[in-house]
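What follows is a set of structures to go through.
Below, chain A partners chain B and then partners chain C, in two separate complexes.
Right after this comes the complex of A and B.
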């Protein structure tokens, strides 16, 4: 419990710092006023718009206004559509969550199954196939695979829908592909950790005590190697977010990825700012979950905290 | 089934370890027997094959990549090397068990001591959960492990306590043979003695045979009834403990005893054995100790010495006795 409170506190501080960084980063990319005005504009019009958007005030004041409103759930208005940013994001959010959670689940399942098989058959055929496939998936850009899948499953064989969301069938291609792509790294980490665990003294001792092999592998080797993979798994979130932007665009998934892509193109600052802030929070929450889950799996982590 | 007074007989065991550079001849004709309720010591420097012998006895050497090319290991008359998987699962832990060198790594860090002990009891003894708990606290008391230690995770305990717990896990299945592979090497000197006493207690109270593997002549002579000296994959001398200490036969044993002699250390006369053990990549057809031996001459370079008897239960592999 103490662990949980401490980790949550750390997470909140991180969110605060991230909000400052996001704010500064967005504002350092230049003045959005120019791109919002018609091509022929007067100084007066520019002045007026700047004041209207509050861009003439000092940065610190602007940040406090932004943060104050953000705490109340108000992320400002889109420059383009004039709709509240929070509305725009929250109507897309469930789709993105759906894609993200299913992808992570797929990634972990693939990692556990294939990582274990590779470790247990080290140097033999299954290991070679899995290791090489993992390298292949790591080396191939995900958008290429996505387009290939659209061609094969959507256009040629017409097995799965390749555009939009709604049914579980819609999820198969984007979430499957994203899951596989994320697991490509993790499979090899699990394989390595498991080989280490299988050669450890405690596994040797378990076997020499006569504990059946399936129990040695599932209870001892797998849990130990998985907890190491989990502790290293924060890096997958960057992969997850970058990947979901690509997936959402290729598969016309109505989530935040598509929205963020469009907002960046049209320099719609409040929307971009809102999305980046939200994704950061999402990442922080996932990290928090990983920490908590790691602590459940490994007593040494509980103690360290 | 033949019931001799020996619980374990190792006969002409030969084994090699394939490496990219060629086969490493790890065990060259190792023979010895361990009597019931005896504490049998195997001493030798690292790489001499003592741990591999232990692993072979437990039928675990092949898992480590060792190829046993010849010989047999009879446990109560049955050849361990021919055990089926099913027979092996009964044998490991229940009949022959091992205490590993480093207690810090012998337990799974993710489970409590109790959990891992429980797992072992349930595997080998047909008892209910309640009975298992009772057995556990009984054994814990016997080995002076405080009951609350059982709820700890391995990282929360000291090396000495963990080795005690490892001992308890083994004793709990009542094995007939315990192999202790350098069980005190990772412990503090003060804890070492306690642990040796504990092992003796286990041996006496449960009528267990113990094979005690160590590189430390002092430790081994404190607990063992008979000692085998191993060198370059061979047993070069076997003798009862006192006999070996007082009348060492093999030049290697003599050198080993001298290097551990405290009186000489006090006088600043360190005796070390110059040189290194022979390269095991080639099969050795001479005395393996020849190039480090002060007395080597003639025959030593030409042929391997055979075991010669010199006193009751005392055998030495040397041409010049």
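Right after this comes the complex of A and C.
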């Protein structure tokens, strides 16, 4: 129990720190007032708008107001569209979740299949091909592959739609590419862990007991190794966000990535603040859940902490 | 850990080293090598194919882009940006990360608590969003790119260095140095730093490739250098609209990015495996 309280406490502190980073980073991005006013403005208009937006008060006060409202789920209003930020985000969220979930599923499937094949054929041809391909994908900028796909499948052969969302066909290219790009790291991690597992005593013991090889691999080696891939959840998630901003940009996907990109370009402070805050909290909660989950599964982790 | 079966990583990666050296030469002396001015447009010779395919001219080895600028010269200038940005980001991010890691690992307690929360916060923070923010706050350009890449990597150094320092702190020779009456800074300089140095070299060479790709991604999103200064990422982005008529505009910078990133990766893996073997 002490473990869970401690972990939750740490997560709360992290959320607090992230909110300060977000708040400060956005407020160092210069004065939004200038870009919001018409090109010919008077000093008076400027002052009025500054007061209206609360930008004249001390930073600490502004932060407390922001945090207090955020706790009630109020992330402020967009400077541009004048709509509540939370509405704007939640409108786009399903699209990003759709892309993210399918990409993660693709990544997990690729990881399990190719990671296992590489580990089982260690040092042989399939392993060499998979390992080298994974290194190659890690070094290839994902947006170049995206452009290539758009040109080939979208413009030249017209097999898949390459802009917008809505049908499963729209998902094939962006989610497929994002999944492959995320799995490049995971395949190699699973491979390493699985090679360790296959040489461990419990796998040797399973074999001595006469358990069929496929069961040894699937039930014992894979299961034990996969948990170490899951432990990288926050890393995977960060990769996913970075990838989806780029992917949404290339494929004109109407999700959070496009929204955040457009909001930064138009200096819409509250929207960016809301997105970054929400995504970071999401990552923190996710890794807390993974920590708790793995502690429930494995009591040794609870003792160690 | 057992050695890999064929030990193929213990072969000296001559090709990678050659690519890295070429990259360094281009980065430092590029402006003297480049055949043309990377930013000079010449609309009379736009989208010329590379010299080795039909219609190409030997004057433009890798062809020209949509504004008639020489692709090879732009790649050379872009290479300088890649080298400068990735090295600076690593020096800043790795430096800050290492110092914080030593402080957290060696002094423990409160320092470790605070620094661990900071690394958690930084790892939870989507680095691409920070890049978007920073390129606005200090304006897009090399400085913003360097800071955002550095910010996205310091926490990794802190974590790795911290766990190494904790192990080192409890070794016999550090304990004996303490008994001898050595000061903390002396122990850090004499025992801790030399021992984490090799691990840092491995991390740095593995990360340079990542930094180059991150720079290219930011360039692609229009957040890195300001046009007309070329970077590999912005060149790939420029070429995306002419892909079917002028694939060379984005394909050559992509090849340069992949080759460089791959070479640093292979080089880093080689040092890592060599170090592992030496420890056995």
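Everything that follows uses one rule, which is that the second predicted complex is superposed on the first by the 275 of 305 C-alpha atoms of A that agree within 3 Å, B and C clash if a C-alpha of one lies under 4 Å from a C-alpha of the other, contacts with A are read in each partner's own complex, and residues count from 1 in each chain.
Definition applied: a contact is a pair of C-beta atoms (placed from the backbone, for glycine too) under 8 Å apart; a residue touches a chain by one contact, two chains touch by 3 or more.
Here the structure is a predicted model, which means the values were calculated and not measured.
S.K.: Based on the superposition on chain A, does the combination of chain B and chain C result in a clash or a fit?
M.R.: These partners fit in the superposed model.
S.K.: Looking at the overlay, does A:103 come into contact with chain B only (first), chain C only (second), both, or neither?
M.R.: Neither partner.
S.K.: Give the label of whichever partner, chain B or chain C, reaches more residues of chain A.
M.R.: Residues of chain A touched, chain B against chain C: more for C.
S.K.: Given the touch rule stated above, what does A:224 touch, chain B (first), chain C (second), both, or neither?
M.R.: The answer is first: A:224 touches chain B but not chain C.
S.K.: Check the residue A:205 against both partner chains and state whether it touches chain B (first), chain C (second), both, or neither.
M.R.: Only chain B; A:205 stays clear of chain C.
S.K.: Where does A:267 make contact in the superposed view: on chain B (first), on chain C (second), on both, or on neither?
M.R.: second
S.K.: Of the two partner chains, chain B (first) and chain C (second), which one does A:134 touch, if any: first, second, both, or neither?
M.R.: After superposition on chain A, A:134 lies in contact with neither partner.
S.K.: With chain A as the corner point, what is the angle to chain B and chain C based on their C-alpha centres after superposing, as a multiple of 10 degrees?
M.R.: Seen from the centre of chain A, the opening angle is 80 degrees.
S.K.: Looking at A:215, would you say it contacts chain B, chain C, both, or neither? Reply first, second, both or neither.
M.R.: A:215: touches chain B, not chain C.
S.K.: In the superposed model, how near does chain B get to chain C, counting Cα atoms only, in Å?
M.R.: Minimum C-alpha separation, chain B to chain C, in the superposed model is 9 Å.
S.K.: Just which bits of chain A does chain B share with chain C as contact spots?
M.R.: Chain A residues touching both partners: none found.
S.K.: Considering the complex alone, what residue numbers of chain A touch chain C?
M.R.: The contact residues of chain A facing chain C are 10, 13-14, 17-18, 21-22, 25-26, 28-30, 122-123, 135-136, 138-144, 147-148, 150-151, 155-156, 196, 199, 234-235, 238, 241-242, 245-246, 249, 260-261, 264, 267, 272, 275-276, 279-280, 283-284, 287.
S.K.: Can you name the residues of chain B that touch chain A in the complex?
M.R.: Touch residues, chain B against chain A: 58, 60, 63, 89-94, 97-98, 100, 102, 105-111, 119-120, 123-124, 153, 155-156, 166, 169-170, 173.
S.K.: Could you list, by residue number, the parts of chain A that touch chain B in their complex?
M.R.: 200-202, 204-212, 215, 219-220, 223-224, 227, 297-300, 303
S.K.: Mind pulling up the chain C residues that touch chain A in the complex?
M.R.: Residues 1-2, 4-6, 117-118, 120-130, 132-134, 136-137, 209, 213, 216-217, 220-221, 233, 236-237, 240, 243-244, 250, 254, 257-258, 261-262, 265-266 of chain C touch chain A in their complex.
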